[in-house]
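There are two complexes below, and they share chain A, which is joined by chain B in the first and by chain C in the second.
What follows is the complex of A and B.
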């Protein structure tokens, strides 16, 4: 069903907020999927390389599904939304646009993100917008593996040697502040919660995520840094305030398409 | 009986980090050896095996077994499998053909 037909998105005041929220979901998956794909051919072993490349494809596949629904409300094809927007129109969290760095940072980031994504999808399952609730339920199936992959790698890095533990702790300390931004709201997200489109508020989701990642980190022998409130250095991807890393990423990601705009493949 | 790792010229240390992977296509199929993964332990081997061996084929279950746990016959002794007299009456070609047909059917019914 076209999302524009749902009673909730026929309310003018909610339509824009819902479209923004869908873009945030889609952009998160696209940008992290792209970052994951940059590991193809470079991961520490062939097994992890194949597995992460597969995860990358799945994240980009999920982005496509969210772009389709965002397109119902905003107009435009998924390709237009993925390749045709300027950086400030993107709603992904800043953490996800950061370069891959070392394997420890990439693993830590995917662990923190996939947990957040699980909490977020849970907030859509059982919600009143049927096509989104069903979609969230379907995606959770594949996300289960992403959670497993990140967590198992994280546990091994935390347990292997003092050096690997120290590095993965440093990756955590470095990612923590921007990870909080995963739960920063898009414009008028509060209205969506009040209307029941999302079952839990972003602060409640952030607390839930905090509890879950905190427990796993602790059991892996890592220290979760204390709660961080402020946003890092004025960046907030949910309202389009991105780092230069996103511009660089998009320039590369869209370079082929821009050589022949409108070409049919 | 030799250990497989000896036949392959591996040390215990190497063989304990290589896991043989067995995939079951449907609940009515046997687990079939499909390859190996390198992993620190069995749990990680299962995580990695899922994407190496179950993303292009149907799968309901995976087993992983450290190579260091596998005993094997030696290739030098392969003649023990060669009959000295004509045993063609025993060959089970039709069973293999039947299995080929039935497996395809089971997959379709999945």
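What follows is the complex of A and C.
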């Protein structure tokens, strides 16, 4: 069913907020999927090369499904939404646009993000916008493999040598502030919570996430800092305030499309 | 009076049985992808349940269904829609589909999940997981300690 026909998204006051939330979901998956794909051919072992390529493919496929639903409300094809917008129109969290850096950071980022994504999908399952609730339920099953992958590597790095432990702790400390931004709300997100489209508010989701990642980090012997309350400080991808890293990423990602707009292959 | 051919649901199911999955050597009906076939005069709607929602073969499958069903007499319009209302699980795959995957050299998990990983080459269960990710979203890689072969195992979405 076209998402625009759902009673909730027919309400003028909720339509824009829902479209913004769908873009945030889609942009997160697309941008992190693109970053994962940059490991193809360069990961530390062949298993990780295959794994991250596979995860990248899956995240970008999930982005497509969210863009389709956003397109029901906003108009435009998934390709238009993925490749045709300027950086300030993107709603992804800033953490995800950061370059891959080293393996520690990439693993830490995917661990923090995949847990956040799981909490977010939980908040959509059983909701009143049927085509979104069903999709969230499906994605939650598929994302379990991603969760296991990140957690297993995190534990491996934390337990290997004092140097690897120190490095993965440094990656955590470095990623932590921007990880809080994973839960920053899009415009009028509260209205979606009040209407029941999202079951829990962003602060409650962040607390839940903090409890989950905190327990895993602690059991791996790492120190989890405290979580913030309210909108996080600094850049804010959810309202389109991005770092220059996103501009560079999009320039590369859209370069083929821009050389021959509208080309079919 | 000219009699207009009217497509039957049965004829459409027959046509669907001739379409193979692009990434697996079995029919999409044996894989259990088809949830519903609806016929309204010359218009046909086929609803499919993907194994993985991000499977890149979905677009090809939709095209194949459309092309195949359009060859039937009386069919003028074919819509292929995805449904996520119920999940795809191993229970949707037919016994014939499982046997064909095994003959193709894939290890296949039991209908109810879990179970030992049997080597499709030598039948040993002395196997170990090499990588939960493989050449497609629906495959993982194991290794047989007895015959020393790498094994591809069909991987359903997690429960």
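Quick notes on this structure:
Methods note: the second predicted complex is superposed on the first by the 259 of 265 C-alpha atoms of A that agree within 3 Å, B and C clash if a C-alpha of one lies under 4 Å from a C-alpha of the other, contacts with A are read in each partner's own complex, and residues count from 1 in each chain.
To be clear about the criterion, a residue touches a chain if its C-beta (ideal position, glycine included) is under 8 Å from a C-beta of that chain, and two chains touch if they have at least 3 such contacts.
Note that this is a predicted model, so its numbers are computed, not measured.
Partners chain B and chain C, once the complexes are superposed on chain A, run into each other and clash. Of the two partner chains, chain B and chain C are each touched by A:149.
Residue contacts after overlaying the shared chain place A:47 against chain B and chain C alike.
In the overlay built on the shared chain, the residue A:135 is in contact with chain C alone; chain B does not reach it.
By the touch criterion defined above, A:179 lies against neither chain B nor chain C after alignment on the C-alpha atoms of chain A.
By the touch criterion stated above, A:61 is placed in contact with chain C alone, chain B being left untouched. Once the two structures are overlaid, the count of chain A residues touched is higher for C than for its counterpart among chain B and chain C. Look at A:216: by the touch rule set out above, it reaches neither chain B nor chain C. The residues of chain A shared by its contacts with chain B and with chain C are 47, 50-51, 54-55, 145, 148-149. Against chain A, the residues of chain B that register as touching in their complex are 37-40, 43-44, 47-48, 50-52, 55. Contact residues of chain C toward chain A in the complex are 52-56, 83-85, 87, 130-135, 137, 141, 157-159. If you check the complex, the residues on chain A that touch chain B are 45-48, 50-51, 54-55, 145, 148-149, 152-153, 156, 160. Those residues of chain A whose C-beta lies close enough to touch chain C in the complex are 47, 50-51, 53-55, 57-62, 64-65, 130-131, 134-135, 137-139, 141-142, 144-145, 148-149.
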